Structures are given as C-alpha cells and as structure tokens.
Amino acid sequence: MTSVGEEMHALVERMYPLCRSITGDGVRATLDIVGEHVPLTRHEVPTGTQVLDWTVPQEWNIRDAYVADATGARVVDFAASSLHVLGYSVPVSARMPLAELKQHLHTLPEHPTWVPYRTSYYKPEWGFCLAQETLDALPDGEYEVVVDSTLADGHLSYAEHVVPGRVPDEVLVSCHVCHPSLANDNLAGIAVATFLARELAEREPYYTYRFVYAPGTIGAITWLARNRERVGRVKHGLVLACAGDPGNVTYKRSRRGDAEIDRVLRHVLTASQRPHKIREFTPYGYDERQYCSPGFDLAVGSLTRTPYAGYPEYHTSADDLDFVSPAAMADTLAVCREAFAVLDRNRRYLNLSPYGEPQLGRRGLYDALGGRSDTKETQMAMLWVLNLSDGEHDLIDVAERSGLPFATVADAADALAAAGLLKA
Amino acid sequence: MTSVGEEMHALVERMYPLCRSITGDGVRATLDIVGEHVPLTRHEVPTGTQVLDWTVPQEWNIRDAYVADATGARVVDFAASSLHVLGYSVPVSARMPLAELKQHLHTLPEHPTWVPYRTSYYKPEWGFCLAQETLDALPDGEYEVVVDSTLADGHLSYAEHVVPGRVPDEVLVSCHVCHPSLANDNLAGIAVATFLARELAEREPYYTYRFVYAPGTIGAITWLARNRERVGRVKHGLVLACAGDPGNVTYKRSRRGDAEIDRVLRHVLTASQRPHKIREFTPYGYDERQYCSPGFDLAVGSLTRTPYAGYPEYHTSADDLDFVSPAAMADTLAVCREAFAVLDRNRRYLNLSPYGEPQLGRRGLYDALGGRSDTKETQMAMLWVLNLSDGEHDLIDVAERSGLPFATVADAADALAAAGLLKA
Amino acid sequence: MTSVGEEMHALVERMYPLCRSITGDGVRATLDIVGEHVPLTRHEVPTGTQVLDWTVPQEWNIRDAYVADATGARVVDFAASSLHVLGYSVPVSARMPLAELKQHLHTLPEHPTWVPYRTSYYKPEWGFCLAQETLDALPDGEYEVVVDSTLADGHLSYAEHVVPGRVPDEVLVSCHVCHPSLANDNLAGIAVATFLARELAEREPYYTYRFVYAPGTIGAITWLARNRERVGRVKHGLVLACAGDPGNVTYKRSRRGDAEIDRVLRHVLTASQRPHKIREFTPYGYDERQYCSPGFDLAVGSLTRTPYAGYPEYHTSADDLDFVSPAAMADTLAVCREAFAVLDRNRRYLNLSPYGEPQLGRRGLYDALGGRSDTKETQMAMLWVLNLSDGEHDLIDVAERSGLPFATVADAADALAAAGLLKA
C-alpha cells in the first residue's frame, strides 16, 4: 500500500532526468508523464507568436553536450545531468584553451560540490555549469567543447487539465514546467498539482478547477495572452511551487492582499495550527508575477514550502530527489485540499428572517430545555450565521468572528438554508 | 440615610421571592413593584398574537408544586423557592416510583448544594429542579408529584417608562423580567434601570430615554414587532443585566461595533480608569440578540458586570441576595450615569470661523498675557474643539485626540457656541 | 572653510540682539539681514487692516526701558537684553514703591537666574521680565520706571522668498520672526529656512518653494488673508521652528495626518535611521495652527528638534546662542534637504504595459543570464515600480513596500519612463 506522498515522489523521480527548458521536447515528455495521471489538453504555440509584450522564441532541443580533455575524457557531461549545460545554449563545436573556456563556465564557489542552474534564453550564448571542485581540478591545456543543440522555429508547449465544477467560475492552479533536473523547483509542485486534480475530480467541486502546466514567465504570459477574453472567469488561484522541501509551508498573498483566496489560506493555515508563514505580495518569484501584473491583477496567491530562492539548494544540483520528501509533498497537498474545501463552501448568505431571531425551536433546530449554559456549538453556529448573513459577511468571517470551525459554520448554514431561513 | 445602592438592594429583595416566567402573574407583580418607583405604561399582548417569526404563547401560572415522599413530607417544594419547578411545567398530579420521577428531575452534580434554573417554554413538559444532595438522599419508593399550574390563553405582559427629552430621538434601556428567584439575573438589572430612570428625570435630558421591562427573547421580540414602524427613533441603547455581582463591569459592543453608544462606553470606561472589559458583539446573551438582529441592527450594546453565563452561580440558586451588593449596583448605576452624561452632550459641531483661529482674546476667552507655557486646559479645549469642528468629528473624538476630560471639552464647546463661533 | 552649520550659527548671532515683536523695526531689521542671503519680497500691511477674524494692531517700537533704584542705577535694563521688557509694553515714566512695581514684574521662580519672555499684545499693559534672584535682591524703596516705547498706527511687516520650480504647485516653508532674543525660537528656524532656500535654488526643483518670514499668529493670519484665493497652490508645507537645540528632530504631522508631506517626513526620518519622533497634529504650537485651521486644512506639518514648549529653556533667556549648535542646525537642514529631495521626485506613475511583465531584457533593462538568486536592486526596483504603477501608489509606497531606497526606486521609474513603459 503506497501513500499518496510516495506516489507523488515516484512521479517526481520519473520526471527528474528530463532536460526541460521553456520550449522543447523535454517539456513535451514531461507533459506526457503528467498525462498518464490526468487527461491534458495540449497546446503548441508557434515561434514568433506575439504574446502580450513578448514573442514566443525559437524552440531549443539538445542531444548531447560535453567538455572533453586532451585525452578525450568527458570532464563535464550533459548525459550525467541536464544541469551541466547552460539552458538555451547555442550549438558549438570547438577546441580552446582552458583560459578561453572559463569564460563559458559557471560554478558556485561557496558550494564547491554543487552544480548551478543557469540559462540564457534571450541572448545567444553557450556555456556549461559544473562544480567548483571539478573546475579546480582541470589542468591547463586544450579542451574540446561540444553542444549539440538546435535553436529553430518550432513551438512553445503547455497543457491544461480542467476539473468541471457546478459553476463556470474558475480556480486556477498553475505550475511551471521549464526547470531541468531540479526536484523541488518544480517537479514537486507538478506532482502535487496532479494529485490534487485527481482528488478534486472525485469530490465534484463547486468551482471549476483549471490546472495550467506551462513554462515559467513566457508560458504564463502565453496562457494569459491566449485567454485574455476569458481570464475574468478566474475568481481565485494558486501558483504551486517548491512543494516538497523540508521547510514549513508559506503562503504569499495575491497582489490584492485580501482576496478571498488570501483569506482562505490565512484561515486554513491558522486554524490547522500548522507552523507556517504568510508573506505579503512581491512582484518577484514565480508566475504570480504575471497573473498579478496590474493589468490582470488576478486573485492568485502562491503556495510553497520554503519560498523562492529561500534555501541554499535553490537552483543547484542539491535540489535533488533526496531534497524532497513524500511527507512534505503530502502536507502541501493537504493544505490545498483543506483550502479548496473551505473555498468551495464559502458563501455570503442572506438571512431571510432578519428581524429578531427566527424561532429555531419549532423548526427542530434548537434544544427545548432552556436555562443551561452549555449551548451546543451547532446552535451557536446557527446564531452566528443568522446574525452575520446580511450580504456583507461570508462564512470565513463567521468562522473567524465566532471562533467556531469552518465546517461547523458551513453545516449550520446548510441546515438554515434547508429550513428556508437563508439564501446564498 | 440610605445609599442608592442600599435602596436598589432593597428593591431586589422585594422582587426576589416572586415566581416570574415569560408570562403570568409573577411578571405582573414585579411590574407592580417597579411601578411604585417610576410610572409605567403596561402592555398585555394576547396569546396567539404573531410577533415577527414567533407567536405569543399561552400564559403560565402556578399556585403550588411539590414532590412528597411516602410519609407525605414535601422533599421538593415550590413554596421554598420558585426555582424548584421547571419553568412552564404543565400540570401533573401523580404517584410514581423514584426511577420514573428521576426523568423529570434536574440537578447540578458539580455543585451538589445548588438548585439549577431550567425551563421548557415551547415543549410541553413537567419537572423539578433540586440540589444533587437532596436527590441523593431520596430513598427508593413511591412519590407523590403535584404541579398545580395553568397553561391557558391569556397575555404576555411588559411595561415601558419614558423620560422625556428635548429631542424625540430615543435611548432604549432594556432589561428582562422573566427570571424567577435569581438576584443578579436580572433583578439587579431591573433595579439599576429603575433608579437610573429616576435620576434621568431630574436631569432634563437631551434624549428621550425609553425603559423597557419585558420577558427575555419573546418579550423583546414582541416589543420590536409592536414598534416596528417607530424603531428608527432608537438612536442608542443598552441592555442591562447582571448588574450586581462582584465582577468588574463589562461592556459588550453593539453589532455595529463602532456605534456612538460603543464609543461612549469605551470612552467612559477608559477615562474613569475603572477595571473593565470591552467585548465584541456576539449573537448570544440577552436581548441584544434581538435588537441587533441584522434586520434591525440597532445601536444597542449590553452592560453587565460579569457577563452572561460567565460565573458559576449563573442560573442557579447561588445567584441569591448575597451574590449582589449595594456597592456593585451603585457602580453599575454610576457607569450608566457617566455614559449618558457623555452621550447627552456629544455633538458634531461646525466651526463658523474656520479660516485661521478666531481671535478668542477679544471675546474674553483667552488669556491676555502671552509667552507662558502653562496654557490652561480650558483654552486648549477651545482650540481643539475649533480645530476639529468640521462636521466630521464629535466631542468624544475631541476628548480622545486631545486627552482632555470630556466635560472640559463640552464646556469649551458651549462657550464657543455662546460666542457664536460654533453651531451644532 | 566654514561649514554650513557655522554659517547658520553666525546668522543667528547677528539677529540675536534685535528686539523683535509682531510689528516694528526689529522685524524689519531682521528681514534686512535675511535679505542679504536671499532676495525677499517685503510686505507692509497697515494697522487696522482686517485679516480673517483679526485686525492688524498698532505698530510697537521701543527705544529704551529700565527700572532704576534710588541711586539711579539701572537694576533692570532693556539695553542688556530685549527680553527684559514685556512685549508690546505701553509707555510709562513713573516712580513707585517696590510693592506696586512688583505687579508689573515677571520672573521664573523655578529658574531663579533666567529671565522669562512675556508679551501682552492685545491688552494694554507695561511690564518687565527679570531673574528671580535679581528681584530678590531689590531692597524696598522707590524705583524709577521708564518704558520709552511707541504704540501707533503703522504696519505689520513680513517677507517672502520664492524658489521657482518646474510646476506652479507650491511648497510652503514658514517661520515666525516675532520673537526677541531667543536663539532656538526662532532664529535657528529662520537660519535653516534661509540656507535651505539657497540650496534649493541651485537644484532647480520640481515644485515652486515659497518661504514666508512672518510674525507668529497675526503674521500667518495676515498672509493667509492676503493669499486666500491662491492658497490652493500650496500642495505641501513645513513650519520650521526650534531648529537648533540639542534634542532629536521631531516631525508633527499636518492636521490631515496622512498628507504626502507627512508620508515624506515619516519615510525620510525612518529610512535615515536618525533618532526622531513623529507626533500627531495638535492645534497648538506654531503657525501650523493657522495653516491647518479647518477652513484651510493645508498639508502643512511642523519640523522642529525639541518641540514647542518641550524644553526648560523655552521662552527664557537660557534659549541663548549657546543653546543652539551648528551641528544641530546642519542636521535640521539635512532633514529638509532629504525630505524635499523625496517630495520633488515622488509621483504616481501609470504602467503603460500592465498586462504581464514587459520584456525588460530586450530593452537592455534586465540581465541576460538567468537562474541566479542575486537579482540586482535596480531590477527589483523596476519590477516593483511596474507592479504598483496603477495610479493608486506613489514612489514612496513602492519604496516602503519593497524596502528599497527611494532614490533607487525613483531611478528605476526614470529608466522605465525613458523606455516608454511608464507615464507620470
């Protein structure tokens, strides 16, 4: 019997070796794997397409890349890790002395055994990333340098999965699929999103949940450009990233700061008594940068464990399969589950009998024996819902003002609505 | 020479033995006693009258009730305390073994010497309340059970007393009169309300003060139903309850939270440096539940000492004449006196000379000798009133922003108005 | 090489001996000295002119004043300090016993060696101010009393200096010039204002800066009365006083409390990590009382070191040349310089490419190498400015939300505006 955390970790393991970038076959292969778990609608957007202020770039694919020493031995080898090549490296095949080669080598001197992750999407460049200790061991002399890559007109690939709800209003869950062999950033996010989608489908949710798997920045911009007319349907959203590291969960508010999704996450994280952090919006990080640009200003927050760039392993080879755990991913999934359970039931109700308290007793909703001081939570919840159902307060307000569990409050609202005392 | 605290306690003592309920002669006898202190307008509302979502119930009266043992000795006797009978008990005359009787007995196991207060207004039931230790001492065997009560069409009784003011805008002071022999809940509240009414009449208040003595819940609902058209005149209000226990005074805000009455009480309690608590509104407690239902949403707060259900003696025989003190009732009365003194003088003024400071000196309102740093409070109060009299701030704002006593600020406003520099 | 602090102190020294009051030649002589540093527009407003609720009083001038003992020796002498005579003393020439004279003598018993500053502008009176120990040493007997002053129709004098800006919107800097030999109150303020004006002229500021040198209260009221139609041009302002004492700098907010000038000063004082205090508005102090009267309600705050009446030397002979230091005045000047540098660049911009992030890279505004976590401050500043440039936030908001230095943020805005991505 495999736990969901272990299943998600297994999915991360399968995707880990692939060389992803903002375009190319690595992204397609990743989407193929995700597609085995949830049905995906795939999109291929041609090079040169105008997307908002940007243009879809040429497609990048790579077959091999290495640096070989005088003996022909590969001292840096793409086959060992997709991180070894600078993302979007132009092709090269040359021999050069170490001094010249060094201008194309990227290391992390402060972590001499780690390989950094570097890219050059928009400036034609080639390069290799390697451990500082590998570099230090290279003798002077001539090296052979090969990047067998292609930069050519092609497509940008992304995919969507929709869990239909009872209303067309949408909740967007977005995760970036452009990073190569980095487990936490963002294979863990992809895995959590995928298992979340499967769970939601079983629940027949109120909202329609749209999952977007797209490359960072240019992918989100492409999605926004192609959905500009219907983006108003997105009422709430989460960018999922860094979902598996050992840190506590962190919620970064949407640009609006007090959107319903922000209130939901604050409520759920507080009520669950998980250690957590809530951060104000900043225009840096993942694709909330695009969704929360001032023209769109969507109610999209960001859920991570340790946030963007907040851990030393970030964008290095140390963000590997050991860095993410089944337990951490299962906890991130649980936060999503709890948050969307609240979001799905949260409403502003209107008390249809607002003058004085309605007589709950004759409707079988209130204890007959009076005088006791141990009024039940369910009765308190009904009084709170009735009192605050003036069109100004939603059930999260009721839960927070009353100190009662959200589910108790929502159950009370259901009972009152069934008795004809409330309408949504 | 009797203090007002002692006078109020004497009034509590007279009302204490009566068996009050939400209807019946006990309420009428209580209103008779109150009517000896302040003139009352009495209302009798027939059984079956629709009042908002409720219906006025049958009237309940009781002459005798007891449980007698095999020797004929009364082991539980209504004559000893009105608490011994379940409120609204239907009549019964029967003999039964202890085991069967026990289903109708109510005790407080955690306080074995106290008798609880219990009711069953809306479900026909009979029962007795007794001390746990009394119950424990009852031998098995057969008992005679008698409740000589009447449930019949009749009336719900309540009363009003009005202290006329200079304006028709009203301040509502409401207290419940439905509890039997419980001193703090709410004979102390009735006593404070009554002596407050007498004091206010001597003061020729600005507002019209309306005192409502009515049974809890159904009484307030009846008053609201019968005053639905004129309830808009109620600009401020207080529900008075638990006015005599040893705890510190507690103010529970109106549902609005920042109504003028809320600001008045916060100001007075803070400025007086009394130990006190201010609580947010909750839809539970006394008749603020009805006045603050969302359809009415009146600016009615609740003043108590220890709040509703906040003390072990609550709704038990331990809420007796010793539990309430003259000093505590006198202090509650003083809070009301201070609060209504502020409320009555609080205004938003308009500075009629708002461009620069008016020259107070030539109007005799400012010291002639300049250069000193010990400017008098009265002068500072005038500068503050002038500066904040823009139609946005009232005198409470001025007192709080300036740190000056409210009375000094109000006197300054009077002086400025007399000089033609302000208008209300 | 003289520091600006020393230059300001030298200016204070020159003005110190003059006998200033709300009218008269002492004010004119003071404005003559200021006029040597910055060109002034002088105004002379005739006695009897109606100014708002006030009337320009008669002009007061004084040539000599003394108390002489039986031997003819001057025991109190105006020639020694302008403080010795009650401001606006009517002329007197008389002989009287000490007991009668004492009714006209003002001392500070708690500081027996200090001479107080006292005035009687609006009630005809004569008097002398002296040290308590001087008074204590006076033997009984007869004294000669002379005040050789004139109270006659004349003028109230004030002056303005304008530093033209790129826009006609004005920043008002106001300082009172009516106090006699008191160094901190307000010669230091006059000196800081004057050197600030000289600096601003070199900077070609955005706003037009208007410096007003006028007697306290009646002078500000006169200026407001004569500029009533154009006072709307004053968008921001500072009253400068007590600019040279040893205390920390204090900013007193405008009556509005959150005007742009209030936000600028809070930002600058916080960001500079100076020890400082920020106080809420009070309708007492210096001429902010008039500028912030509710009819005008100008966005004028007050900058001092120790505020009004907040030090024992206040309005006494101990507020002398030693009480104010070059360093303190230089620091006050620096606060003004920093504040106006922020104010001058603060804008609300509109992002002209608000849908997604604009591609900064192809405009040369963003690093080509991706993946690193050490994003530069300048790039972060651009992202913040773009994200918050929705017409609702100004650059101070951006600086405070981002934690970036204001100048970095303003430079980023300039770069983005130059790239056509923003408009003011």
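Read from first to last, the chains carry the letters A, B and C; within each, the first residue is number 1.
Keep this in mind: a contact is a pair of C-beta atoms (placed from the backbone, for glycine too) under 8 Å apart; a residue touches a chain by one contact, two chains touch by 3 or more.
Computed from a predicted structure; not experimentally measured.
Asker: Validating interface symmetry: for the copies chain A and chain C, is the fraction of residue numbers used by both over half? Same or different.
Answerer: different
Asker: Quick one: how far do you have to rotate chain B to sit on chain C, C-alpha fit, nearest 5 degrees?
Answerer: Value: 120 degrees, nearest 5.
Asker: Indicate the whole-number Å distance between the mean C-alpha point of chain A and the mean C-alpha point of chain C.
Answerer: 55
Asker: Find every residue in chain C that makes contact with two or more other chains and list them.
Answerer: Not one residue in chain C touches at least two other chains.
Asker: Using the touch rule from the top, collect the residues of chain B that touch chain C in their complex.
Answerer: Answer in residue numbers: 351, 353-359, 361-362, 368-373, 375, 380, 383-384, 386-390, 401-402.
Asker: Quick check on the complex: what are the chain B residues that touch chain A?
Answerer: Interface residues on chain B, with respect to chain A: 52-54, 87, 116-123, 125, 217, 220-221, 224-225, 228, 255, 280, 282-284, 289-290, 292-297, 309, 314-315.
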